[in-house]
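What follows is a pair of complexes built around subunit A, which joins subunit B in one and subunit C in the other.
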Partner chain A sequence: MDEQFDPDQSANVSRAEWMGVLARASTTSLAELIKSLGELPEFNWLRQPEVGAVMTRGRAGGTGQVFSVGEMSVTRCAVTLTSSPDIVGHAYVQGRDIEKAKSAAICDALLQTNRREEVLRSIIAPLKDEESARHLKARRKAGATKVDFFTMVRAES
Partner chain B sequence: MYVATKGGESAIEATHELIAEERRGDTTVPELGTDQVRNQLGRAVDRVMTEGSLYDPDLASLAIKQAQGDMVEAIFLLRAFRTTLPRFGAAEPLDTSKMIIRRRISAAFKDIPGGQILGPTYDYTHRLLDFDLVKEGANATSAPEATATEQTMPRVTDILGAEGLMQAENREEIEAEPFDLGRQPMSFPANRDQRLQNLFRGDEGFVLALGYATQRGYGRNHPFVGEIRMGFVEVEFTPPELGFTISIGEIEVTECQMINQFTGTKDIQPMFTRGYGLAFGQSERKTMAMALVDRALKASELGEDRDHPPQDEEFVLAHSDNVEAAGFVSHLKLPHYVDFQSELSLLRGLREDALSTQDKEAAE
Partner chain C sequence: MVSLATGFDEPVFGTQLAFRSIMEAISFPGRILEIVRPQGHPKGWPSSLASGCLTLLDSDVTVWLDHEDPDALNYLKFHTGCRISPRPEDADFAIILDVASAPLHQFKIGTDQYPDRSATLLIACESLTAGAPIDVSGPGIKSTNRMAPNIRNNQFWGIWADNNSLYPLGFDVFFFADNAVLALPRGVSAQPLEV
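On to the complex of A and B.
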């Protein structure tokens, strides 16, 4: 999950992967990065932004019977591009964040057009790098609290 | 007798204004921001999200501010809000083996693959009040960094399970939809899925007390902390209109796996049994208590005696929810004027009857 994103491999990025990156992105980062695309394409709402909840589930013991855990807030929406109405951009993003959902749906739509390379390079790659850096920092701070056991040698001779 | 009661509107309006004023407090002190609650009172936020049954740190922070830090009230506010959200569906089960780990310890094994990671914990603090925290603006610190922990670490219980020493967590071939207290009323006998969801939302104090009781002999079950892990996990969801699974976010959770003794029966080889705890955020105490009670509630499945309250699922599940409990206790504050009048006149009548009988007896 934390591999460096390689833009040269971008052709291999699946839709599920970029949708996940957009969903987990911080609102401010996505809002900042999307400016680099210049004027956004014209679009129509296929589904207006809607705030709702998804029930998270767990497994007993981590591996066993499925149980309902608790809900999490999610915002979803869907757009079509005026230039190519067959393309539908979807977004399901964590939190109650209509702006972020809109940006994510537009990105998802553009990623299905000939602007894919551009969006991968200027939005998905930096977001993924930011997430990797955040995870690495957490793991490095956790690493500093790793216990080094040493055995006391008893003084018997 | 039915007595229509009107009035009190202006009193109620004034009490709303009074709590608003009290909430804000001394206006020469800066107002508390919900971002401050989220960032600096994180454990309160975690508890409100867990027992409020909604992962949304911003809303939980707002609830805590609005309730002036009254946790049960904040949980109630979040639960009430939750009911206004349309349900988009249910996520794939969380895979805690893929957790980005911030803390991970085992009290059963010293040397575990990935190591013992203390993470942020109060365990090794001296529990002395730190008066430096009174001074504002002097508390920004940066924790040290070292070699990163491994990207994923195996769950300790899975290692034991591979040796066959651990009771397996059974998984149905075709998995039924799990019970959901958000949409179904409680029912008995309860299966493990209903019990776990109930304990997840259950009041931390109540679940902790029951877990403590099991340790003190009321449903004794010899626990070891197999593993506690805390960190970030992805939430995956399959929107029907897409037909494939996507990640829709990342949440922080704590998981506790207790290892318990079990002597075995003539049909079953002796093996360890287990209790499971899970909570949103950093909620270690809650997950430990939940794991103890989860194990105690397995009593009948394991053919153990059910002599104590923590083993009695009706007792545990019906009383664990602090929103329900607070509601039923609070209803005693509602006007019961008529009920009470009838009891009062009944009591007066009884006493008069008793007195006149005494008088009669004295006269005879």
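On to the complex of A and C.
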């Protein structure tokens, strides 16, 4: 996904998308960016952070047989905001960092409130840029070492 | 908007404590055991029923409820991950608030090869002591034990006699009221007191 994140289009960002961005974000970046929100809202745990493993599945070539790629560590938690207990913020993030899961859950909760635009602009957009840059770098590296095999046609009888 | 109640503060220790109570209750039919309260529970449920659900249910079991309360459904799905079925005959566990209208004849009783593939009924009561007294006897009881759960169903003990006669098949029952649990395993027979 190369297209740049456009804050003007941010209203169209789906929850699945921002959950994904938060899940894949680097721990240090999220910890840094969340400071820009200032004082975090008060919250209650609905589910305390738990570290576990999930089996990731894939398809060979994206279309082949399903196979299990391997297990990865995942931390999950859920919070409700004290100011609006009906809003539930969930987080399923990669890695074992409890602080990251907490921050991600609070972001998810805030993204369902009237602070949505602010969180999209100051957290989700930068994280998404960072992710694109990371992917681009990986593709460049892979591209630079690409080897094309070709076979000469043999002129036989 | 549907609200979601909190489960145990410390899920591991909470469910271990609750499990201990549930296990003692079914080991000693007729004995009333106090059971730890979760922080929150669906409206209209005794806290002990929520405690039992959080402890006994997980993503491997199918649950049938006699009431369609979105709060209760969300609570179960979020905290336990269990599957919900609209058919009582599919249920591994049944959560029953109104025992008078529960389809007690439709629950799984297991098979001869697998008597454990039977249903466990979790029944909410107003009280475990204020109902009609009944003497129970069977495994885990030296002579007889008296229990008096407040069951709002006159047919219940008749159905229970049928269930008991199926042993080793049949369903098991837990009664929950306020913060206490009382068990009625399938091997226990009940003799209502003459009035």
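Everything that follows uses one rule, which is that the second predicted complex is superposed on the first by the 133 of 157 C-alpha atoms of A that agree within 3 Å, B and C clash if a C-alpha of one lies under 4 Å from a C-alpha of the other, contacts with A are read in each partner's own complex, and residues count from 1 in each chain.
We adopt the following convention: a contact is a pair of C-beta atoms (placed from the backbone, for glycine too) under 8 Å apart; a residue touches a chain by one contact, two chains touch by 3 or more.
Bear in mind that the values here come from a model prediction, so they are computed numbers and not experimental data.
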{"item": "Partner chain(s) touched by A:70 [first = subunit B, second = subunit C, both, neither]", "value": "first"}
{"item": "Touching partner for A:86 - first (subunit B), second (subunit C), both, neither", "value": "second"}
{"item": "Residue contacts with subunit A in the superposition, subunit B compared against subunit C", "value": "B"}
{"item": "Which superposed partner A:13 touches (first subunit B, second subunit C, both, neither)", "value": "neither"}
{"item": "First, second, both or neither for A:125, with subunit B first and subunit C second", "value": "neither"}
{"item": "Partner chain in contact with A:143 - subunit B first, subunit C second, else both or neither", "value": "first"}
{"item": "A:51 touches, of subunit B and subunit C: first, second, both or neither?", "value": "first"}
{"item": "Contacts of A:107 with subunit B and subunit C, given as first, second, both or neither", "value": "neither"}
{"item": "Touching both subunit B and subunit C, residues of subunit A", "value": "78"}
{"item": "Sites on subunit C touched by subunit A in the complex", "value": "1-4, 6-7, 9-11, 78-79"}
{"item": "Subunit A - residues contacting subunit B, complex", "value": "1-2, 15-16, 19-20, 23-24, 50-74, 76, 78, 90, 92-96, 135-147, 149"}
{"item": "Touching residues (chain side subunit B, partner subunit A) in the complex", "value": "49-50, 52-56, 58-59, 82, 85-94, 96-98, 100-103, 110-111, 115-120, 143-149, 151, 155, 157-158, 161, 168-172, 175, 178-182, 191-194, 196-197, 200-201, 231-232, 234-235, 237, 239, 241-242, 244-251, 255, 257, 274, 276, 278, 280"}
{"item": "Subunit C contact footprint on subunit A (complex, rising order)", "value": "44-48, 78, 80, 85-86, 88"}
